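Notes to accompany the following structure.
Order of writing sets the chain letters: A, B, C and D. Residues in each chain are counted from 1.
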Amino acid sequence: MENTVPLKALILVCSLTPSPAKSSSEHMAKQIAAEMDKYGVTSTLIRAVDHDIKPGVETDMGEGDAWPQIRRQMLEADILLIATPIWVGHPASVTQRIIERLDAELSETDDEGRLLTYGKVGAVAVVGNEDGAHHVSAELFQALSDVGFSIPAGGPAYWVGEAMQSTDYIELEETPEMVAKTIKTLAANSVHLARFLKNNNYPAV
Amino acid sequence: MENTVPLKALILVCSLTPSPAKSSSEHMAKQIAAEMDKYGVTSTLIRAVDHDIKPGVETDMGEGDAWPQIRRQMLEADILLIATPIWVGHPASVTQRIIERLDAELSETDDEGRLLTYGKVGAVAVVGNEDGAHHVSAELFQALSDVGFSIPAGGPAYWVGEAMQSTDYIELEETPEMVAKTIKTLAANSVHLARFLKNNNYPAV
Amino acid sequence: MENTVPLKALILVCSLTPSPAKSSSEHMAKQIAAEMDKYGVTSTLIRAVDHDIKPGVETDMGEGDAWPQIRRQMLEADILLIATPIWVGHPASVTQRIIERLDAELSETDDEGRLLTYGKVGAVAVVGNEDGAHHVSAELFQALSDVGFSIPAGGPAYWVGEAMQSTDYIELEETPEMVAKTIKTLAANSVHLARFLKNNNYPAV
Amino acid sequence: MENTVPLKALILVCSLTPSPAKSSSEHMAKQIAAEMDKYGVTSTLIRAVDHDIKPGVETDMGEGDAWPQIRRQMLEADILLIATPIWVGHPASVTQRIIERLDAELSETDDEGRLLTYGKVGAVAVVGNEDGAHHVSAELFQALSDVGFSIPAGGPAYWVGEAMQSTDYIELEETPEMVAKTIKTLAANSVHLARFLKNNNYPAV
């Protein structure tokens, strides 16, 4: 396997707050992008809430819908990384909106009847003040697998604080060692899987 | 206990599609409202996506935000019914946005330090083509209990079809008997609990 | 409403480890029992894994099944508190086994067709080294509401540590202030609701 | 890539009912095994409840524990398929017990510090009378990814009936066409990914 094939990643940051406000999700997303860069991955990072992604489950919801352009970048990417905050223990509404738009991919197939998302890796990063990362990643892994992405070993990259506390990830003086290792692993495993799938798509059935 | 105290319900319908398009969530919501009406409950039904509810976790996200007015109706109501579709097995993004806005209630208290939502009942209706009602109600019950609502016995009212099928609830010729019973139970139990809590709020601790 | 009516609580501790080993779930369960005691609640605490609760979804799974006796205590109680650890982000297998056995209650009704669990409060306590309390309480609130319990306002009592750390709740030198307040609230709200429902069961529909 | 390398699959059927009783989970598991057989996969099917898998989170819970022998087969396999029923909307207690035992793998590494599960595919099949397949697969995908398995594109194989109905999957006269296609896809995609990972494990980080 050629380890130097260049790869593209699309990173969707799902903060509820528009740019240029600071975002812990974006902070972790950038850490992952920096790790993936070491493996020859070019990342495009989009803060979803900056764009008018319309509610709905079609690939194009009509006038003013920002999704079709984001979708084009998703289709060109080898890795889709969703970086999401946790709200009330759940994926953010911005995240769920993206999942709804990805649902449309179930109707989009190539000449051999395979989803256009086949051959791409889905990766997940989760941050919150407290509690919820495992569940949020469960929601996202299920959704990403359903709509055609493959999930690498090693789980999501995540950080949450102790129960009922309010520090943000971006405020930490240093990334905890275990979290840093998880970020490295997520990057390495996503790239490993994406490089294979890029040239070895799933068979048509 | 006086069974004739009039009650108010706010029903938030979380369809992804704006009015006047048909909505299965709204259909079930109206069935529940009709049952609650028999017990003297006046319902106000709002299709959330018709209003510009801004992303965020404050009670008021500023200019153009539709939530403060909806919130006022929530605070006046004795019962909050969330009627939601299922998308990719999850609560709709419109639903999660409401949950995020309700998160702000954790900072709003009365003179005795109790949340303003204490004394209100949270009820849930879920519809989908297939699969997901139990999980969606789990997400909502947890969120509603967290932010101060009480959950009556009997679970949500819900309907989903067989795996991987595509009929909508609103297209059914008749409401299945078991679903109709669940709707009646949801209405009766929500009213029973709301009538008590209206005059017997939880103690301050 | 008479505030001195004595109440009974059944507390099911769902640690994976049999007695007499220390258990963080049991520790929090006892803290809640102590708070409920102030309101005149007599608690019986059972560590579920000490008993041979058979797999299945019937009220009695036959020879050697410990559930029928535990079930008898559940039916006599006004409050069922489930205290559970988190494993891999989920309710413990011991907890899910209890939920499966409670599923049988959907077929057990009184003379008016109401579930025997109607009129009882379901309360939840969750502990873990890290992450998962919101989701575990979501699973439990949905299950408890489904099978006939009512859920008080204020969410579960819970504690988890920072992401990827390994301290146990029972090892903390002091219960964090916010957690202690949550425990007090859970006790007060459960008692408030149970005292009402004990003498004012839901109507038959 | 050599498409004829023989592969091994371990299939854990998580029915609550011991053999030889019929099991819908086992029925779907055998359908998947038959499909995988076409690709040269030898499957071993174990009904977990027939064995005394002790509660706990260690690789070996001591005397009488059936897990160490099952674990040995898991370590020899290239694909782990978990076939589970849904109970009260959740993975069965038998399934969660297996997840808890797999949690121990987080402490088991090879010479290069990689989990022993790296290089294996995790696949999921879910059946129930009604509702819950998406959520159950979410719980399992998150758990499997966390403990080192990779998840192929295409989601789980699953079947559930319409809301509140009681037919079992095994009672269907014919497997619905869409379900049959999902089973084929699960088999093909799991094999595709497993064949790659068998000879191209994730890098050490």
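The rule we apply is simple: a contact is a pair of C-beta atoms (placed from the backbone, for glycine too) under 8 Å apart; a residue touches a chain by one contact, two chains touch by 3 or more.
If you're wondering where the values come from, they're calculated on a predicted model, not measured in any experiment.
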Contact tally winner between A-D and B-D is A-D
By Cα centroid distance, the chain farthest from chain A is C
When centres are defined as mean Cα positions, the distance from chain C to chain D in whole Å is 30
Rounded to the nearest Å, the gap separating the Cα centres of chain B and chain D is 36
Distance in whole angstrom between the CA centres of chain A and chain D is 25
Two or more other chains are touched by the chain B residues 88-89, 134-135, 138-139, 142, 146
Contact graph of the chains (line, ring, star, complete, other): complete
Per the touch rule, the chain B residues reaching chain C in their complex are 1, 115, 117-118, 134-135, 137-139, 141-142, 145-146, 148-156, 181, 184-185, 188-189, 192-193, 196, 200, 202-203, 205
The residues of chain B that touch chain A in their complex are 16-17, 49, 55-57, 87-94, 96-97, 99-100, 102-103, 139, 142-143, 146-147
Per the touch rule above, chain A residues touching chain C in the complex are 88-89, 130-135, 138, 158-164, 176, 178-179, 182
